[in-house]
Structure formats: C-alpha cells, structure tokens
Amino acid sequence: MCDCCSEQKDIYLPEMATITKRRMLNGTELFMHLEMDSGKELEHAPGQFVELSIAGLGEAPISISSSPTQKGIELVVRNVGSLTRAIHKLEVGQKIGVRGPFGSLYPIEQAKGKDLVFICGGIGLVPQRSFIRYVLDNRKDYGKVTVLVGTKCYDMRLFREELALWSERRDMTLMETIDEAHDCWNGNVGVVTTLIPKVESDLPKSVVLVCGPPVMYKFVLMALAEAEVPADSIYVNLERRMKCGVGKCGHCQINGLYVCQDGPVFRWSDLALVPEAI
Amino acid sequence: MTKPRVAIFDFACCEGCQLQIVNLEEEILDLINVVDVVEWREAMSEQSHEYDIALIEGSITRPEDEKRIEIIRSRCKILIALGSCATIGGINKLKNKFDLEEVKHCVYGKDAHMPHLETGMTKAVHEVVNVDYKIHGCPIDRKEFASVIRALLVGKKPVIPDYPVCVECKARENICRYEYNEICLGPIIRAGCGARCPSNGFRCFGCRGYVDNPNVEAAREVMDKYGLTVEDLRQKMVLFGCGQGPTV
Amino acid sequence: MSTNININVHHVTRVEGHGNIVVNAKDGKIEKCQWQVPEAPRFFEAMVRGRSYQDIQTIVSRICGICSITHSLASTKAVEDALGIEVSEQADKLRILMHYSEQLQSHSLHVGYLVAPDLFNAPSVVPLVAKAPDAVKAIIRVHRVANNWSDLIAGRTTHPVTLIPGGLCKIPTEQQLRDLKKELESSVNVLVAVCEVVQSAAGNLPQFERQTEYISLKQTNPPTYTFYHGDITSNDCNGDGPVNIRNWQKVANEYVSPQSTAKWTQWHRDSYMVGALARFNNNAELLSPLGKKVADMFGLKKGNTNPFMNNVAQLVEMAHVVETSIQMIDDLLTRGLKSETVKVSPRAGRGSGCVEAPRGILFHTYEFDKYGNCVYGNICIPTNQNHANIQKDFEKFVPEFMHLGQDALRHGMEMLVRAYDPCISCSTHFLNVEFV
Amino acid sequence: MSVSKLSKEQFGQFVDAMLAADRKVIGVVAKDDRFQFDELQSASALRLDYDVTILPPKKYVLPQIEPLLQFEVGGGAQSVMNYEPMILLGVHPYDLVAIRQMDELFSQGEYDKHYMDRRKQITIIACDIARPSKNIFASSMETAVVSDGYDILITDIGDAYLLDVATEKGHALMSYAKALAPAAAADIEKRQAIQEANRTGLNKHKLACKPSYLPKLMEKAYNHPVWLEKARLCFSCGSCNQVCPTCYCFDVQDQVNWDLKTGQRVRCWDGCLLENFATVAGDHNFRKDRASRFRHRLYRKAKYVPEKIGGQIACVGCGRCITACVADIANPVTIYNRLMEEQNLG
C-alpha cells in the first residue's frame, strides 16, 4: 500500500450544483439543467451518468442527457420514490448534490464516419439524447443519423419540442411511434421495433445504439439480429441498481461486469456471453 | 413549519408497543420537539380528531373496532401499524384456530353469552383498512420506531428490512440455534430487530412476521438434519404465524 | 351546589387498558355508580391449549406489555411446578433481580408518567417538561435505569426472552453486573429526589379511607419483603392462612360481572385490594432501610386504608428494590457466575405459579399432557382482583366527595382508578365509565 | 527483518504492554464455545489456539455500519474520516489473504479513501493456524500459509512464539517486547514443520482441482442443474455472505437525526443472496430467482473477482459459510467438485 494516494479525494462526497432551469416533460419526468457551484464543467462524455443526491433522502444514478458541447448538465428525473419526489419539489436556484461523471461512454470515436441508428424506448431517449446532440454538434464527423423513438402512450412523450425540431432537420431522420393509439396522434402506432424495417441506412454497416426499459432489449436485439446487424456494432445502455457508482458496492453487477464502470454503455458483442445482461 | 400531528390508538393488545415509545426515554423529548402528539390515551388526557399520522397498536377483534379503525383511517394521512398485533394479528390470531363459541366458553364458562364478551375473528389492521407502513415486532424495536418516524418526517420512505433475521444474527456473531438442534424461525422471519432473541440465547419465534418470500419448504426440509420434526416446526410457526402466508 | 351529577368517562386516560367510569345522581341521590371494563377480551386461557410447555411464556407474556416479566415468571414457575423442574439458586437470584427491574420500570412509569400529572394539575407529563424539567429528567433517568436493567437480565425490556423452564438461557457477565450495580448505586440519589418532588405535592392526594382486605404474598423463610416466593396471605387471615399458591382459586373466587369483560374476585369480604399498598400492609417491617425511610417521608404506616397511598407505597418499593438489588448483586458476584445448562423432559402434570406483579398478586395454573402440550390454563391477574374493590371504593367515595361538584368528583374518581395502577390490558382492556 | 522468539509468558507481557500504552488491540477471544475478534482487555483473554472466528476480521477493516458523510438535510456534506490506529492480533493466513484482496479491490480504479485510510491505520499481527476448524479447506485454496502481507507473523512452537517481523509498522511494535531473542535454527525448523504441515493438512473438504482452474471451470457451468438443485433449499438469508471474509458488497443509506436537520450517510454490509439485492427503482429485480443469486455468489468467488484482481480466487477456504448455512447448501467445494466430475464425464 503506497502513501502517494493519501491526498485522493473522497469518492463518496457529492459536490453541490445549482438548478438553473427546470420543467416537467410529462406527468412524471422532470427536466433539469444544473451548473456546478465550483464553476467547473463536469466534463462528462455522452453515455455517462451522475449520482444525484439530496442529503437525508439518499442518492440515485441519473443519466446525463446533455452533450458535453454545452454548458452545465441536463438531467431527466422520473418521480418514482421519495428521493425523486423531493427532487421534483426543488426549484430554480436550489442546490443538489452531484457525484460523477461515472461509467463508460458511447463509441464517439469508433462511430466516426459511420451511419448511426438510435433506438430509444421511453425514458431511454434521455441518455441517448446526450450522444445525439453531441453528434449534431459534430455533424460532419458522422454519416447518416436516424433516431427511432418509441413511447408507451402519447402523454408520456419526452422532449416534444426538440423532437419537432429534429423532425424538421434535413441532416437527420426522426421516426416516432407510440404503443397505444391516441386521438391527437397521427403518426406510427406500435412498439419501437416496428420502425426498424423503415430505417434507410444500411443497417449491417451502421452503428446501432439502443436504450430503453428492461423488457425492450430482447425484442430490439432480435430484430437487429434479423436485420443482420453484427453484435459488435450494437451498443446498449443498461440500468441496474447502483449504490456507489464506483465499482465497489456490488449492486449493479451483471455477471462479472459492473454496470457503473464497465457500463452503462456496452458493446453488445461484449455482453453476448453475459447471461444476466438482458 | 407546523409540526405534524400524531395520534396513537390501541386495539386488542398488551400495550407493550406504546410502552416502547415511552421507553425512548430522553429521546421522547426529541420526539415531542418535532411532532405534536395530540391523542395518546395511555399517556395523556388530551384528545383530538385532527391528526396527520395515526399509529395503531393492536388487532381488530370486534365489529365496533372495525368501525373505529375506519374512522381513524378517514381522518389521517398516514396510518402506521405498530407491532405484531397490528401488522400480522400477532399472538391474538392463535384464537382463530379455535371455534369462537368454544373459546368464550373456555374462558368465561356459563357467562360466555354475556354481550360484552362478544368477539370475532382476529384481524391485522391491513385486513380492515389500508395501512401505509408497518413497524414490526412484539414489541416494536424502539430504535427502529425512531428511525421510521424520522424518515417519514423528512419525507423519506423508511427502510424496513425484507431479509431474514439471520442477517442481523450473523452480524452479532451469535452461534446459530440450529447448531444446538433447536428450532429458530430466523431464516424465514423479517429482520429489523437486531436479532435480539437469538442474541440472548433464545430462538426466533417469528414476532416480526415472514419476509416477503419465505422459503417455508426449506424450513420444513432442514428439520431432519437437526433431529427435529415438522410437527416441532409447526408448533413454533403457529405462535405469531397464523394465517399470514405459506405454512407447513 | 348542584347535586345532579352525570359523569361518563369513556376510556379513562393514563392507565394501561380501557376502563369507564359512570356516575349518575339526581338531587343528591345516587342512581348509578359504576366502574366498567370494556377491554376487548383476548382469551389467553383458551389460546394456550395445544401449545408446548416451551412456548407458554412466549404466549402469556403478551397478556401485558407493562408487566410482561411478571407474567413470564409466573407462567415459567407454573410450568416448572407442573413438570417437576428444580431451579438453581443462581437462576433463582437472577430471576428475582429481573423481577425487581420490572417493579422499578412499572412503578416509575406509573408514578412518574401517569400519576404525577394529577398531582401537578397537568393533563399529561408533556406540559411538565417545561414546568419542571429537572423532575421529569429525574424520572426519565430512573425509568431508563430500570429498562437497561431489564434489557440486561431479561434480554428485552418488554416480553423477556432469557427465561426458560429450568433457568435462564443467557446470563449477564460479571462485568455487566458490576456495571449495573454502579448504575443502581448512582441512581439512589435520583430516586430520593423523585420522592421529594412527589412529597411536595402529596397534599393533593385525597384524604379517603375505606377498610378492606389486603392480599399479597408472604415469605417467612427467610422473612422477606417478597415479590416472588412465599404463600398467599391477607390481613383478614385468621385460622385460614397463609394459603399455598397452588390453592389460589380458593382465594380469588373469580366471578363474571356484567360491568366487565374482566373477571372479578372476592375472598373474606365482598372485595379485596392487591398491589403495593397490600404488600406494604402485610410486609412493611421487612422493607430495606431506604424503603422504610421513604415510607417515613410520607408518614405511611402499616394498616393504611387510603387507596391513594398505593402510589406512595410504590415509591417505597422503588427504593426497596434498588437497595435490595445492590445487595443481591454483591452476593452473586461473591459466589461468581457459572454458566448452567438445563435439561427438561416433558411429563404430564398440573402446576401453579404465583408472583407479585407491580400492581398486585398474579396467579397462573397450567396442565400438560405427557408430551408437554398444554391442555388447560387459568390465569388470574391483579387488576381483575382490584376491580370489585374499585367499585366498592367508588360507592363510598361518591357520596363523600359529591359536594365538590361534578368536575372535581370526576377528577377524583379518575385519580382513584389510577391509584390502583390498573393494567386492564392484562385482563383484556381497561375501563369505560358511562353514566347513564 | 528477522525472526525473533518470545516465551509465552513474555508474549503475554508484550500484549499487556501494548494495552498499557493505550494501543487499541483487537484479538481473538472465546465466545461460549466459539471464538470472535473483539477488543482485548488483557492478554489473558487472548486465544491464539483458536480454530476459526465466527465472523472474519473484516468487521474491523470494513465495519458493518460505517458513516461516510455527515450532512445537513437537503444541504452540503462533509466526509467522515477519523480512523484510530488499531492492532489486529491473531489473523489466520486465510483471513489475511482475504484482507489483501479487499485492499486491492478498494484501491484499484476509483480509490476508496474511507477504506484505505482506515486500513493504513491497522497493523496486522497474523498467526499460523494452531488448530483446524471443522470445515477448513485452506490447503485446497492455497491460503493455509502466507509468506507476506502481514506486519508480524507469529507461530506457536510449543513453549514459545516465533515472531516474523516483516514491515516497519511491525517493527515499531517490537518496542513493547522485552527479552526478545533471535530465533535459533532449531526454532526456525519447528516453524517450518508447522507451516509445512498446515500447507497440506488444513483440508476438511478437498477441492478436486487447483484453485487457479476455477475460472475456467465456471465458464461452462452457467446453466448447470446444480444451481437449481441447491438453491431450492436456499433461505436467501445471506448468512454465507455475512461470514465470508471476501464478501464486501455494501448498501448506502441516509440516517437523519432527531433535529431533522442533520444526519449521516452510512454504508452497511449487504449480501448478494438477499432477495432485493439487485432490485432497482420501480421494483424490477434483476436477480429474482433464488438460483440466480445462489449462482452469483459462487461465480463471484471463482470467476468475477479473480478477473478483477489478477486471478486470485475470492474464496480462501475458511469454511465459515459451510458452518453458517442452516440448509447445508453453501459448501463451495461440493459444488466445484460436482462441476469438475461432470465436466470430466462429458
């Protein structure tokens, strides 16, 4: 044991950040923009997450939804428990604890020059948005960009204004679907896998990025296998229970992998022999 | 900020759980600093119909008690069942194993018919009204009670263990009761008590009720290994376990 | 002053369990005057049937959260009597030490938290925190010492777990006993301070006398102010006492009153009183020096017939058990603690156990089949034995104090009920007073 | 550094001298007819002839409940790091191996300052095993004897202890020892004989392969029926996790004080066998079946952790899980051997 590490910082100590913007995206999802009180940027990469905390109520892993090309970070928090309920009550100007960024990144480098297909189910759009925006900010580095967004029902749709802007862009294709038909909805109805055959990119040569609820992966991955997308060009973004965020506590482990460190973004070929992954 | 109003009510029970609140000793001064106790018959003369949190001790055994608990439920925002009698029916449910008329006759003889001795099947509180939280144990553990109350007061969901007593028993370095060829219900009973009984050389008799998913089948199968019988196990499981889930 | 009275106290507060007071008088004529016990009956005697002798204590401890140690001791003694089990001297001493902890626990709870508010004109102990913080802290301290003491020897403050037929399944270490002794020694002064505070308000205890029978245990060999061993005696015993505890039913003579879910009792008269005052009246000369000193502080003398003085007798006993326990711990330490194992085999038989609960004498009887499964149980709790006496007190108290007016009368009656330290949850629950 | 010798009486004086100097010494003491690590009051209570302790010494390296932060509710927080020096006396070689593994796990990648700062305050006096426990299989796991990792290693050679002082930390303690003599060649030979005997003799359950083969063995075993068969009787009680010297998973919780304004964030032991270990917000449980949790523990020991720490197996053969398991399904050797057998058949 060396002593050179004694000046190391405490990995469990959150830094304080201030909420600079907030709005509800739908009935349960709160969008927040944070700036670190230190004045520094978190310097995250797309795909990474932070541990967000309110002292006294606990800590939860939350994906970063913004691109590192912009100032501050943007997060989306679903109201599912007492911590997130308390976060929903915070107002602009109030403080929140942040640890991170943690975890693996989207294949920013490996994907350069290739066509990208994002498959997003429900709240899975949140982390994907980080990479999508990064790609749009570095548009020339990447080939065709297709974004598939599936949402359970009309009222749950996230980032509606932003999706409207994306749908008007000529340098990307957005396809959206909802699982259950709705009076105000003229678009696709059905699960997100139904959009896969409509993708115009050469799927086997594209990089495909998947994020959604646990049940979604199996079906999407089957569809991608059918479309002959090789496993090493598919990236999935997984959710697990994480306590520490730094590969110690063991909660997020799937077989030998720690989602908080080896993930949350995994190349599917690396998970093929990891039975607990999906 | 106004302090939350708390009321404490008792039904069929021994009042030992209320006593654990008193047993907070000096901490009870901390408690009354952060809540207004507006009704608590055992400890004070004041009464109120307006409260945010109702703490319910005891089982429901009579029709008039069902009405009373429904009224309490309608008046409070959070209803907490306090102790085994309230959370699982407790020792009172042993009665349900018998014919009620026979039970009355056994205790009161020729007077069993008197109207004030009327009784019904014992029910846990959640069998009558919706319960928000359960503080388990016979009696409740005062430290756990304090931490549940504090969690609720800061708006946090209290942590109530869903793992067996063995976790806490091992942490206290007790020698397993099974190594003495004694039955202990620790492996299927919810922790949170700090394994108090096995730490004092006594088997767990299950006062906190089952974990959510007790492996009762395993409990039955290990009997042989320790020279015990399934009937021995049944004797122990029935004490606080009547009608709360799978049995042997 | 009006001589129309209409008192209807539904569930007297600051008592263990549920009881009602009902008084109705018109033009000075009492039409109804009742102590009622509407506690939900719980049928313990029926529930123990079929259960193993090992589990009797676990079940019947739940009769009462306030005197669970006492119920555990009485039932364990009854099981031991039925199964012919001997208990070692060390275990016997530790059990008595455990029992004393509950006397202190229960008495300090009763006098400090439930009765004191009456003496200082407060609805509960909460307002007293601001009025007399030192006194409240002193009583909390005594209560805490008692609870830590129970925790140590009984494994829990409520519903003990170390008590098994034949002995104890866990004993404290010598170091723990030494620590306990230190704590008891240092609480003597606190206890005296509590007594002084109560003494300062003792004038608020009503002057009320009524001759009655006082029943308690009596131990002659060696002569002891006993809570645990001995025979049953009373001030009315002439040729017919003391009675062996196995024959307790001849003393209690239980009957069902329409006023009560709990059974009532009588021996030589139409009612009798049990509890601290009864023990004091039968055994006062055997108190420890500090116990006697506290009795003197309040002028409490053997033969007292004021039921309100039961509260004072409890203070006397608090002093007594603390002082006596210090001596007992010394004895235990001098002999040195040995770990003991007990081997028990079931057999058929019937047995009784009797001990003094903080609130009076308690009887348990069980019968077991040859497998050690219970076939019969009978329990007679002290509060039930007091119900008839409370009723008789009411009948004398109401005419004597009716002139004070309805509110004062009601207050006095509630205080009278509390003075008995009733533990109605034992029987079932306590008192609903309804005046019709 | 060198090997010295102290008579048993002198060794007792050495321990008492440390205690007299207010050093916090955690040693092995009797608990009924078993043993445990506990704070030592005097050398007379020390039992270096113990077989195994109920819990491993990890409870001092990674406490069951440990405050990480102090905070203001809804506000800022400070690290809690106040670790007092401590001497762990009587650590058996297998437990020492486990502590060394934990050192690696908590310092690699993100550096856990709480663990490491505490650990640096601990001086370990290891002790060769004098009496095998009923379920030990340290010889199978190659952890019955150690040649490094301790500050001091003591060996009972009958009338005296030999002290192998290996580090500066260990050396610093020797100032409490009087009449320290260099060990004679014959003493060293005695020690070697004891260690040689332990190297192969502490083996109540015999693993049918080299431990280094286990990661490979596990590669093909994932869907083996043994997981379902054994886990049928699993209580999910986590006893095997609790008593394991290499299990270190933890939970993190916030506790609030009575003022409702301040509190602490604590970590406490957790166990992967417990039903809701892998449950996420929204109540989805990623390892819902008993069998999958049961399997996870054995994979962690034999494959996942070794992959993280350079091949060392995260089972040190102490046998505590075998003793602790009421259902008698936890024995890792039984399972590994069964897998070996059937692999050889196939």
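Labels A, B, C and D are assigned to the chains in the order they are written; within every chain, residues are numbered from 1.
Here is the rule we go by: a residue touches a chain if its C-beta (ideal position, glycine included) is under 8 Å from a C-beta of that chain, and two chains touch if they have at least 3 such contacts.
Please read these numbers as outputs of a predicted model, since none were measured by experiment.
The chains that touch both subunit A and subunit D are B.
Among the remaining chains, the Cα-based centre furthest from that of subunit C is the centre of A. Summed over C-beta pairs in contact, the chain pair with the top total is B-C. Averaged C-alpha coordinates put the centre of subunit A at 66 Å from the centre of subunit C.
Annotation: 51 Å between the Cα-based centres of subunit C and subunit D.
Averaged C-alpha coordinates put the centre of subunit A at 43 Å from the centre of subunit B. Centre-to-centre separation between subunit B and subunit C, using Cα means, comes to 25 Å.
Within subunit B, contacts with two or more other chains are made by residues 154, 156. Among the residues of subunit A, those touching two or more other chains are numbered 56-58, 81, 86.
Counting partner chains per residue, subunit C has no residue touching two or more of them.
Each chain pair that touches appears in this list: A-B, A-D, B-C, B-D.
Residue ranges of subunit D in contact with subunit A, taken from their complex: 68-69, 71-79, 81, 103, 105-107, 109-114, 116-117, 119-120, 222, 248-254, 256, 263, 265, 267, 270, 272, 277-282, 284, 286-287, 292, 296, 299-300, 303-304, 307-308.
For subunit C in complex with subunit B, the touching residues are 11, 13-18, 38, 40-47, 49-52, 55, 58-59, 62-66, 68, 109, 113-114, 117, 123-126, 129, 137, 140, 143-144, 147, 155-159, 161-162, 164, 169-170, 256, 258, 260-261, 263, 425-426, 428-429. On subunit B, the positions that touch subunit D within their shared complex are 27, 30-31, 33-34, 146-147, 150-151, 153-154, 156, 159, 162-164, 166-167, 170-171, 173-176, 178-179, 186-188, 211-213, 215, 217-219, 221-222, 225.
For subunit D in complex with subunit B, the residues that touch the partner chain are 31-34, 36, 54-55, 64, 73, 232-239, 242-243, 253-260, 269, 271, 274-276, 290, 323-324, 326-328.
The residues of subunit B lying in touch with subunit A in their complex are 154-157.
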